[in-house]
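Right, I'll just put the structure down here and ask away after.
First chain written, first letter: the chains are A, B, C and D, and each begins at residue 1.
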Amino acid sequence: MTSLDHQVLGPAFAQTPYDHPFRVELRAWLAEHPVDPEPLDQDARFRHRRDWHRTMAGNGWVGLHWPVEHGGRGVDPLTQFMYYEEVALAATPEPVNTPGLILLGPTLMAHGSAELKARFLPGILSGDEMWCQGFSEPDSGSDLASLRTRAELVGDEWIVNGQKIWTTFAQYADYCFVLCRTEAGSERHRGLTLLICPVDQDGVTVRPIRQISGDNEFSEVFLDDARVPKDWVVGEVGQGWSAAMTLFQFERGDQGYTDHARMLVHLLDCEDALRVAEADGTLTVDRAADARRVQRDLWVRIQELRHLNYRGAVLAKAGQELGAVGSMTNLVWGELEKDLGSAFAEASGARSLVLGRHDTHARLASRAASIYSGTSEIQRNIIAERLLGLPK
Amino acid sequence: MTSLDHQVLGPAFAQTPYDHPFRVELRAWLAEHPVDPEPLDQDARFRHRRDWHRTMAGNGWVGLHWPVEHGGRGVDPLTQFMYYEEVALAATPEPVNTPGLILLGPTLMAHGSAELKARFLPGILSGDEMWCQGFSEPDSGSDLASLRTRAELVGDEWIVNGQKIWTTFAQYADYCFVLCRTEAGSERHRGLTLLICPVDQDGVTVRPIRQISGDNEFSEVFLDDARVPKDWVVGEVGQGWSAAMTLFQFERGDQGYTDHARMLVHLLDCEDALRVAEADGTLTVDRAADARRVQRDLWVRIQELRHLNYRGAVLAKAGQELGAVGSMTNLVWGELEKDLGSAFAEASGARSLVLGRHDTHARLASRAASIYSGTSEIQRNIIAERLLGLPK
Amino acid sequence: MITEPLTTADELEIRDVVVDFTRTTFTSERVRAAALTPRGYDEVAWKQMVDLGWTGLGIAEDVGGAGLGAIVQCLVHRELGARLAPTPFLGSAGFGAAALDVLVDDDEAAHGLLAAVVDGTVQCALALGHGRGWPGHESPSITAQPVDDGWTVTGSAALVLDAARADVVLVVAALEEGGWRLFQVAASALTPTPVPLLTVDVTRTYADLLFDHTPATPIGASSVTSDRVSLLVDRIAVYLAAEMVGVAIACTNQTLDYLRTRHQFGKPLGSFQALKHRCADVAVAVTVAQELVFSAATLIEADDVTSLALAAPLALARAGEVMLHATQEAIQLHGGVGFTDEVDIGLYYKRALGDLELIASPVDAYARMDLVRTGKTS
Amino acid sequence: MITEPLTTADELEIRDVVVDFTRTTFTSERVRAAALTPRGYDEVAWKQMVDLGWTGLGIAEDVGGAGLGAIVQCLVHRELGARLAPTPFLGSAGFGAAALDVLVDDDEAAHGLLAAVVDGTVQCALALGHGRGWPGHESPSITAQPVDDGWTVTGSAALVLDAARADVVLVVAALEEGGWRLFQVAASALTPTPVPLLTVDVTRTYADLLFDHTPATPIGASSVTSDRVSLLVDRIAVYLAAEMVGVAIACTNQTLDYLRTRHQFGKPLGSFQALKHRCADVAVAVTVAQELVFSAATLIEADDVTSLALAAPLALARAGEVMLHATQEAIQLHGGVGFTDEVDIGLYYKRALGDLELIASPVDAYARMDLVRTGKTS
């Protein structure tokens, strides 16, 4: 009675049925464009993702939520919701250039000058120019407003000095959007400006940070007299905090960000691995039963994430504020991602200690999930204070 | 290979083997003195416990840790550890008059005058006089030092006014030890005095508080010009905080307080109930398997509590400070007691919704465990700040 | 909770009316007082609810209902749960009406009974003959036998919701030739007369029912399959889950109010970060559970039985777990008063304990979900 | 942690010596550097440990050990675990020596090998022929065959601790007539030569071992029962559990240091109550797990095999769970740097992952404990 869709993704939602014309169209295109699985090596993995981005972009399958005037299809959030489910079901490479596509692009559309839009939006969409985000600093991890990177306008250039950290895939990026202090002596949220900084210049040094997984997904970015053209300001000078808040809204509002469908597809692999491990004696009966229970709990929790993402899409479609849903999805996603990573490895028992395996890697890499996009602790603070009205 | 002792209580400890002469002696006495199971009705239950206390006391089996000069046997804490295990194994009624036996008695021995000792210690031991503790107040639940009950010396009597709350079994008590403010205008820990207040007088009104379990184990105690003889002061006038801290040390240091052996015996009943419920179809196979896993986890957690109690006994025997172990046992005990209460009821499924059953009652009553003897939250604060040295 | 799954203007308007009525009607005092009455529920309030048409909100218009569908029905269950309303709404207008709707096609008898449920002349209760949960491979606990002049039913059902004072008991009984059929048994035909069980939850009445060749009238012309009975359980599971989230939301909101106002160590309790984080976890869990429940309700409305078969046990299991956790946390976060009868938090906890046994425990609901997901349902 | 199960003056004195040596020797830099050497461990430190007599602390005096018993042995495992010391101590002086002690009675060969392990001339590893965990009803994975001039062994063992560079592999092989016997296999007799496996834990070496009619020398005159092999597993489980609590204690202490000093939002991180409470929970769990482990060590010393059969799997399971939880919490509580290679927290986590697979996962250890408790061991 249940279809494969139901088995993998769960019950359908009224507005995004599994036979929706959009799904049918995208499935047909994906069936005609098979793609290899992702390699383990990080550099190869990034190239693989970038190539796939370009393939999709070349066929109009990237940035569907962007307005038609900027090269998108102007689809509504519910269609975007289906989009992410379908590309995940087809086991395509993970999205790349999301800092440009999800964050800076839409922020530019809201706050950017016509010149900046014309200059940067096409490259983001096509994947010809890659982007990274320069917000966090060594001494302002969870407390963004305490940032100290400063920029000074000298002639027709901003001269930027400071240090960013936790910048995802900076080593592959062409541009970094940098939040910095442009008003000497300003404090907290005031006097900040959001600049677009070219990465390939003498004043910018990228030092990748080695993670426990062996990856270098995050970098420190040292800005030593880095130069930014005077007009490459997103929004107004001194109004960087407002631009950043707009940008965060997009981060939290993107229904693909907390990728439930990829998780559900991975969980299917995980269930397969468990069947193999139990059959060949790698796992005892007791341990396999335990792993099965864990996987079932994960399926349930991913359904929860999926329902939050759906709610987010429904609210976005209705033009409503997404902040609330965003903090919840971030929290739910981060904790879930870790447990999913562990469950992957657990499904194969001792084998997943050995390097060079996807499950080994996934377990280690997933430990960052509840930290790098705002720690779970910060999310809980936000939920308690802003959404539940508990006193500071 | 395993004996019933091992199956119920777990692995032996080197210093308290299951064939220890003390255990043998006590077991023999208990075998000769069978006792009915506890009734459900609270008044009947209290009488049942009190009667058993008197039976044991009459045979020298109460207050074994008290010095011989005060009617005890002066046994060391490891013997006391065995004592609690043995009376639990024999399914005897729960201890009663513990506020006197565990707390006030030893505090009197440390801080009391010769007159007070002679007047009160024999009645505590024999169970002829019952005791309760008057510390908490309506507006100073977890924050004892903010208490407001005041006593004023008028002639040869203290006149006490104020209100206590969460006083266990006050309705059955002859005396209440009351911490109150005797120095007008004093604040926090200063100016407090510990008084012995007779309960049966006009100035004392006991209002039992109905719990969600239907019991009235705790009471509000209203003190309206209650009278206390001038000399019924434990320790010095104005040094009540110090006396209270001594008393807390005894509370935390008593190895029977966190009654692992009773829990292990109850868990055995619980395992039996589960077998019955699965056999007669009350519980599905899945639910029974889940309940079995929960019970196994509980056995493990009770073993942990047991090891903490043992460590406490070893430290006490060596004359060392027990505060550290005490906060841990309180925390571990409270959380465990709740889960054990739920597991009792879960073992019989829907049946345990019906009133008049021990499991129904135990589940409801256990919700108080992590609150009334200092909330789990307060215990965690203490552990983090005092034991781990994390900043206030 | 943090999100409100009701979105249309109509839904929000009905919600406000329902909330207004339940808040003013089901005060703590009235709820506690009603528990002590002979019928065990608030008869005045129940009559008002019938007069306001609540018993027909989710029932089709051609039998006198308002035909507003499952979302509105769930909204009512949620809000009644939030107030621990002592009424037979769940057993009669929820479970009973659903049985008439799902198990009987186009039958005058069903319509007559449905109309009577809607207009309050009949209060019914539902006894499921396969036992608890969804029908599986166990032997049925209630069977039907044809006799000369009609039918009788035989068997038992434990802790049947709202059955102690029902006028009619609807019985889903197994037929000898296989399949199931819905019967009605007049309360007066039951021997012994069902007695209200004293359970932890004083706001609700239960009874054990015994059938011993008890005269029963079939409703509907034909038998139905186990799949159809499963669909009925799906439906009532969603209703119950809606009540569960109501319970969870209400006790969480009461706890948040307490933490905002109660001071200790010179600060509002709610400013302590450890408590904040626990509130955040509860609130997120409740919010998400509510999304699962109302999403399942939309599947009832869309008649998507394939998705509902997954969504209903998922919603019931998760709402049940979350409700239990929320009520337990509410007790703990209230501190001393939390475990006393002086606040209502304990009543919510005890309602939770009862609700968890009504259809299927979370463990059993998950097992059902797994069977559906892997296509292994009977 | 919060309590220290070592109590006698002798034990505390030895502890201070061991802690002093491990702190100064196994610095983060040296540990990381050793991982990159061909042997994969710190050979200088290992020689020092042998010279200091650590390889003989828990071994009887008549074979050249110090005869200090299981508590001191566990202390050393704990402190080496706390520093993630890259040495073959656990595999050789722990597992290997235990096999010689438990499985062989009064035999010159065993004593000779034990003495060689003590004086460091031989480094050994242990391959268990029943597979992982405690022996049960599964077919053995390594069997022994008598041949003309002696014995051979056949089978395999995956991820054998410290086996990549061992001189001698001790093999517990199944005999055709039933029972088990301990054999030694020279590393040079192994084909293919074992290669160090690259695992998540760079501070430790593992190898997969293959035996294909590999010449093997029996140690001891007679075979032993499964019960005796179980006793061996009990013993080494306690040693491993001691290492586990060392790992848990060290990363928890590093985390507490970090929280005391690192500031955010103008306050030390450690003053945030939600973090405090999580630290309290971790510290209590670690403290209790350590009590379980050292209590089991006293049972080894008291030769109470009945109690040890329960206590060992309990200690291993709980220490394993707590270690994993403590290392995961350490990463989270460190925030950003926690998941980088710039601090050692990740190394502790990865050691934990390895340790959890060495003998038995917590789930399997609990299953063993249940069998023992209910008297259902084979």
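As a working rule, a contact is a pair of C-beta atoms (placed from the backbone, for glycine too) under 8 Å apart; a residue touches a chain by one contact, two chains touch by 3 or more.
For clarity, every value in this text was computed on a predicted model and none was experimentally measured.
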Chain whose Cα centroid lies at the greatest distance from that of subunit D: C
Whole-Å gap between the CA centroids of subunit B and subunit C: 40
Centroid spacing, where centroids are CA-atom means, of subunit A and subunit B in whole angstrom: 53
Multi-partner residues of subunit A (each touching 2 or more other chains): 377, 380
Residue numbers of subunit D (touch at least two other chains): 272-277, 366
Chain-level touch network, classified as line, ring, star, complete or other: other
In the complex with subunit C, residue positions of subunit B that touch it: 136, 141-143, 165-166, 209-213, 218, 281, 284, 286-287, 290, 338, 345, 349-350, 353-356, 360, 363-364, 367-368, 370-372, 375-377, 380
Residues on subunit C engaged by subunit B in the complex (per definition of touch): 131-133, 138, 158-159, 197-201, 206, 264-265, 272, 274-275, 328, 331-332, 335-336, 338-342, 346-347, 349-350, 353-354, 357, 361, 363-364, 366-367
Interface residues, subunit A side, partner subunit C - complex: 1-3, 6-7, 10-14, 296, 299-300, 303-304, 307-308, 310-311, 314-315, 318, 324-325, 328, 331-332, 377, 379-381, 383-385, 387-392
Residues of subunit C touching subunit A in the complex: 2-3, 5, 7, 256, 259-260, 267-268, 270-271, 273, 275-277, 279-281, 283-284, 287-289, 291-292, 295-296, 298-299, 301-302, 304, 306-311, 314, 317-318, 366, 370, 372-375, 377
Subunit D partner contacts - residues on subunit C that touch it in the complex: 272-277
